[in-house]
Amino acid sequence: GDVIKVGVPLAMTGPYTDTGDNYWKGIKMAIDEINADGGLLGKQLEPIRFDTQEFAPERVMQGADYLVGQEKVDSVHAGWAGWGQDVRAYGKYTAPFFADDGSQAAVDVFKEDPEKYANIFQLTDTDINQATSMFNVLMALPYEYPNKKVVIINADDAWGTGVGDTLETKFKEAGWEVALREVVPYGTREWGPIMTRIRRIKPAIIHVEIVSAPEVITFFRQFMRTPTDTILSYGYSIVPREVVETMGKEADGLIGEVPTAMPTPEAPTPEAQAWVERFTEIWGHQPQAGSWAAYSGVKAWAAAVVAVGDEKDHAAVNRHIATVGYKGETGWWKWDEDHVMRGGGDVPFGHYQVQDGEMVTIFTDPPTRPYKDYKFIKPRWIK
Amino acid sequence: MLRVSHLTKKFGELVAVNDLSFHVAEGQIYGIAGPNGAGKSTIYNLITGYHDFEGEILFDGTPIAGMAPHKIAQLGISRTFQVPETFPSLTAAQSIGVGCHFGDSEAYDQARVDEIIAFLDLAQDRDCMADELNLLGKKKVMIGAALATRPKILLLDEPMAGSNAHEIRDLMELIKRINQEMGVTIIIIEHFMKVLTELTQKLLIIDAGARIAEGDPEEVIRDPHVIECYLGEEYADNS
Amino acid sequence: MYIEEYLDVFISGLTNGSVYALMAVGLTLVYGVSRAFNFAYGSFYSLGGYFAWVLMVYLGLSGGYLMVLLMAVPFLIGFGYVTEKVIVAPLRKRSDWEVKVMMITLGLALFLDNGYQVLFGPRMKSLPPIMTGAVELGPIYIANQDIMIFVLAISGILAFRWLLNNTRIGMAVRAVAQNPIGAKIVGIPKNRIFAATFGISTVMVGLGGILLAQKYFISPMGGWDILVKSWVITAFGGMGSIRGGLLAAFILGMLEAYVGYVFGMTWVLFALFGVLLATLAIRPQGLMGKWG
Amino acid sequence: MLTIADVNAYYDQFHVLHDVSCEVHEGEVVVMLGPNGHGKSTLLKAVCGLLDRVDGTITYKGQDITGWSTEQLVNQGVIYIAENRELFGDMTVMENLKLGAYAKNARKKEKRNLARVFELFPRLAARKKQLAATMSGGEARMLAIARGLMSNADFLCIDEPSLGLQPNLRTEVFNIIKEIHRQGKSMLLVEQNIPQIADLADRVYVLEEGCITFQGSAEEAAADDRLKEIFLGM
Amino acid sequence: MDWKRMSGTMALIYGVMALMPLFVGGTDHLMHILIMCLIWAVVASCWDLIMGFAGIFSFGQVAFFVIGAYASAILALTFGIHPLAAMVLAGVVAAAIGVLVALPCLRLKGAYIALVTFAVHMILEPFLKSDMGRAIGTGGSRGILTIPPMELFGITFGAGDKVAVFYAALVLAVVCSVIIMLVIRSFWGTAFLALKDSAGFAASLGVSAFKYKLAVFALTSFLTGLAGGFYGHYIGMLSTRMLGIDLFVMLMIMLVLGGIGQFPGAILGAIVTVTFNEALAPLGTYRPMVLGALVVVLVLALPDGIIGLLRNLVPGRGAAEPAVAESTAANAGGQG
């Protein structure tokens, strides 16, 4: 036919709806752009959505069977997709599949059989590498730590534990004392007991890795009741938009990280800047974590299809993406032999600090270097 | 058959049964009467294991203290309740069936159920939902279920209440037949003296949980103390 | 270890406790009294929150919290009352109404929660602080907010308990719960009482939603957490026993605080249910329950 | 006072009462006799608005009360004392009695009535704090009657008041009924065995298989051999 | 519902199911849905047995399902046991845990049982994720991503060959349903009803509440665990995300639609619910909302579920529920 079907399995209901939206906005934008200038190989792209709900195994599998098996889509663009479950589900098929849940679990599944999983591509680096990057930046901050004690608090999910474990080892290697490591369930609101211990420890760094606004906001507010001289590092937990939206200037000083990030407020290149403006114009707000990655996924696939000249030749398309990569707004996207978009090069991890109520890129990594002339500001609570 | 000695039950400060002793012989119909709240039903609840108690209860020589109700039932002690109990989601026949199963699936035999239904002539309501029966029906089903457990002794709690003279006569017939044809020892609680005097071989009158008289019914109900605290003058006259 | 730390943890225990108490009152009422398990309880909690949010943030109404509460009470009562009349009452005639009520309220919860999602979007909403500042006694720090919640929870529950035990209405409510027919016979307007009960409980949990917005915020699915916690507390305290509920709330609050402090947060849930089981093993009717 | 005309009553599909007509005049005690399960209680339930389906007309003090809710009737001064008591098991004797006076017109007189029923049933006075569920059969019956009296209604439908009462109390209860009667209240009684029917009832109906098969004065009833044999036996 | 009609209805349902592959055998996606229908049918029927018939408010069914799934997967993976054996063992494990849970429940009443059983559900996720969980091979918060499919007579019952899996599932469902039906038919069924109606009276007739509650807990958790194991080997991966509220609610809805305590109803409920849910998929974000509304309407419209509806259409003893009559009235004086 004269349309190319594109599968979009995202959480449209339930607790993951918000991230689902972020990815959808990026994907939709890319598809509309491609269709606007004549489509792909002269064919219009037709997105077909599937609600992954809470990523229960059978749901993930059903997504694959529905989109690729039944609807015969020629590429699948997901965001958070199943932390490895997705690799198995979509690996059965050949259509290129882009996921963004940056989990080592997914990569491990891939490694079992790179041939079979040749169609799987990760848009972000793994929890391990992201955590490493967070550590590097913390160490690179222009700030004299009063002591070498760190407190690590993470949620009890795959992402949280992944980051937590990595940081723990990193800090220990660097001769730091991990004075407290707490794994907390979602829904924690009363931090009193932990605060009590923190106030005794007086750590130089607290890292919180719970990707859920209520938890991190209550944590921050209760910390601020009687703050210690501590750098608060929120890692990826800074991402939920509510954090800055709810707290505004109150959140000034928090630092965090975003993978495959489009640095803000000023993008690295004019094209990137233009993209940010386009996005903001369409959706009425700044792009969020994931939007750009998902967008680029679609574009990367489209480029490959054009190069191959046949969207049905999945093998060739996959090979092209894997070997050639794609030139995006900030420069080249290169997937490594594990089909992971490793952080670095033209698409580094972005490290932010909340300044004046907005997230500001202060570092990119690797290599660890300050971003443009944005400066790290010593948090107001540190004497 | 059933020997109760120094039975005592306290609910808080209230002494419901007070150092009570009595003995029911095999094949007997034994009557218990006494003012409201004297402790009659409580005695049943103790014998059938619904409450713990002080004192001793021997059934065929085995002490039943501390046994669960269903265990006691399986010993061969069966009872009816003062306020008719039913299984609203079962039919009359099924309800009797429950007793017939006697706690294990093997024991069931349809023949016995039919026999009991015939015995109580419940044929017409055998497939009625139990709680849609009238009072008499409910009582009969309850007795039927109790009989289905093949009891050695059957405790009846005010079976006559709410029946008219005519029905009372039928019920008395029924009880006699249960006692004679089925050879079941019976204890009966009643407030109708005529019933007790006609039916029972031995009558126990209690008040405030303690015995005030026991012996041959005819004499017992002439006992001034009994008349004074229980029967009342008028009743004594017109009975 | 350090005495003041234990004090500090004690304070968080109290805070937990009062928050839980505030959550659970409403459930103790409907479930403990009218014996209808309301799965939509959590959704009513969110309802209160969103109502306040619409007034204060979306419409930017001035007049602050007092104003909001004044408008919320009638709204919530009405909502609860009508809900009962329309979807719960018709089921009451059935012998298996308890299960049916569970089911229908579950459907309602599904409807409301996803309704919020569609209407207000998936992101959590927050309300301006009711009060700021804190009381500081040496090392001990107590936020005024928490004090307020504490006071409101306790007074609310006690008032409510007094109402149930000492007023004619209260007695009527219990009577209806225990024996609907008996209630009819003595002339209690059974249906109205049931609906009213539902209404009152809706108000309670709804207001809870507003007061707790500072800690628990308002999000489409946020209600479930509340439902489960309240349920644990109600059962633990003993159905129908307000005093038990109150006690349970604080015991669990303390437990959470101290277990979290000594062993770490991951153990809280295990400890919580451990204690629950132990209690039920000894007292099947809950701490102070009158019936099951 | 109360007129029941061609009443038919059903439980679901099950047709219990067939064109029953009877009446109770101002200040009368009418006794409804009949074998078990022939619809006596059903008739009372029908009058007191406790059945889902009742056809025919019931008029009370001249107004048509068919299909009225029980609570309306209670407020009109019609009270039902149930065969199976319908007490509030988890409440104390005191609370049960207090609730008996729930009806508006009873609230004022609550204190006085309380004193009165306690004097009628000293056992209850002794057990104010006991839970109704734990009362003995007879005690529960007393409580049910007492609760009914608390409503100080002027028309009482009493279903088997003497059920499960000890002999001397049974006579006692009948005296109470006479006493209430003397205060000019009217009553529709269902009873199974009333030796002293003659000096209790003004008139007697017999309900068999859902139909009225006899009606007449107490004397006539007492004179009728068949009735004597079946109902007034002992 | 009488024996003939019960088995008849079941035969009809499964008969129709058995024919489905002829029409949709080609499309994996639809076959997958059918398979899930069957698996949920088992779980729902078990839930119906324990809740609808035994009158025990167990909220632990999903938990037992997940326990079964994990147990079977772990047994097959770490001990290399044949998946079929692993499944059965998983059932046993689930049953054992079921009994453990039942023990404290036996003295409890409705709401408390619900609480204790739901506690299992709530504890399970943190446990599976915890180090203890990792130790026994749950893969922590990652889950288990490589579960071997079941192989029998040279056929691989994995995600690859859906038709094969379908018929395997059908067998499982039929077997479980028959077991459940026999239980309901047997004296057990009567005993459950009796205990539910009046425990005191039942006890006086020699019926032991303890025995039957324990038994029903063991049986339902066994079957549920079995189904869980099947699920694991079919999907080939597991994660704690099955414990989300999603599945729990879905199962509840299956029961409502099918009709509680209306046995074959649960099966029908499962099938209808899953299909409904898929049919509503195009609604995207609005789906759960509409689903919720549907549940409300349906509970009001057909309180006895689909089965009840059918029964009222088909002549015969109507499903007329006795109104809350004297039965619920706290008939004062218990045994007084």
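Each chain carries a letter (A, B, C, D and E) given by its place in the written order, and its residues are counted from 1.
Everything that follows uses one rule, which is that a contact is a pair of C-beta atoms (placed from the backbone, for glycine too) under 8 Å apart; a residue touches a chain by one contact, two chains touch by 3 or more.
The chain lineup, named per UniProt: B, D = ABC transporter ATP-binding protein; C, E = Branched-chain amino acid ABC transporter permease.
Note that the structure is predicted; figures quoted are calculated from it, not measured.
Touching chain A and chain E at once are the following chains: C.
Among the other chains, A has the CA centre that is most remote from the centre of chain D. Among the inter-chain contacts, the highest number of C-beta pairs connects C-E.
The geometric centre of chain C is 30 Å away from that of chain E, both derived from CA atoms.
In whole angstrom, the spacing between the mean C-alpha positions of chain A and chain D is 77. One inter-chain figure worth recording: chain A and chain C are separated by 37 Å, centre to centre, where each centre is the mean of the chain's CA atoms. A separation of 48 Å divides the Cα centre of chain B from that of chain C.
Looking at chain B, one finds that residues 41, 82-83, 88-89, 132 touch two or more other chains. Within chain A, contacts with two or more other chains are made by residues 13-15, 17, 156, 185.
Among the residues of chain E, those touching two or more other chains are numbered 126, 130, 245, 285, 287-288, 322-323, 325-327, 329-334, 336. Every residue of chain D that touches chain B in the complex is listed here, in rising order: 11, 14, 33, 35-38, 83-84, 123, 134-139, 141-142, 160, 163-172, 192-193, 195, 229-234. Residues of chain A touching chain C in their complex: 13-15, 17-18, 21, 156, 182-185, 187-197, 200, 213-214, 217-218, 225-226, 240-242, 245-246.
Across the complex, chain C meets chain D through its residues 168, 171-172, 174-175, 178-179, 181-190, 240, 290-291.
Every residue of chain C that touches chain E in the complex is listed here, in rising order: 31, 37, 87, 90-100, 102-104, 106-115, 117-118, 178-182, 221, 224, 228, 231-232, 235, 239, 266, 269-270, 273, 276-277, 280-281, 284-286, 291-292. Residues 2, 5, 8-9, 11-13, 15-16, 19, 114, 117, 122-124, 126, 134, 141, 143, 215-217, 219, 221, 225, 256-258, 260-261, 264-266, 268-269 of chain C touch chain A in their complex.
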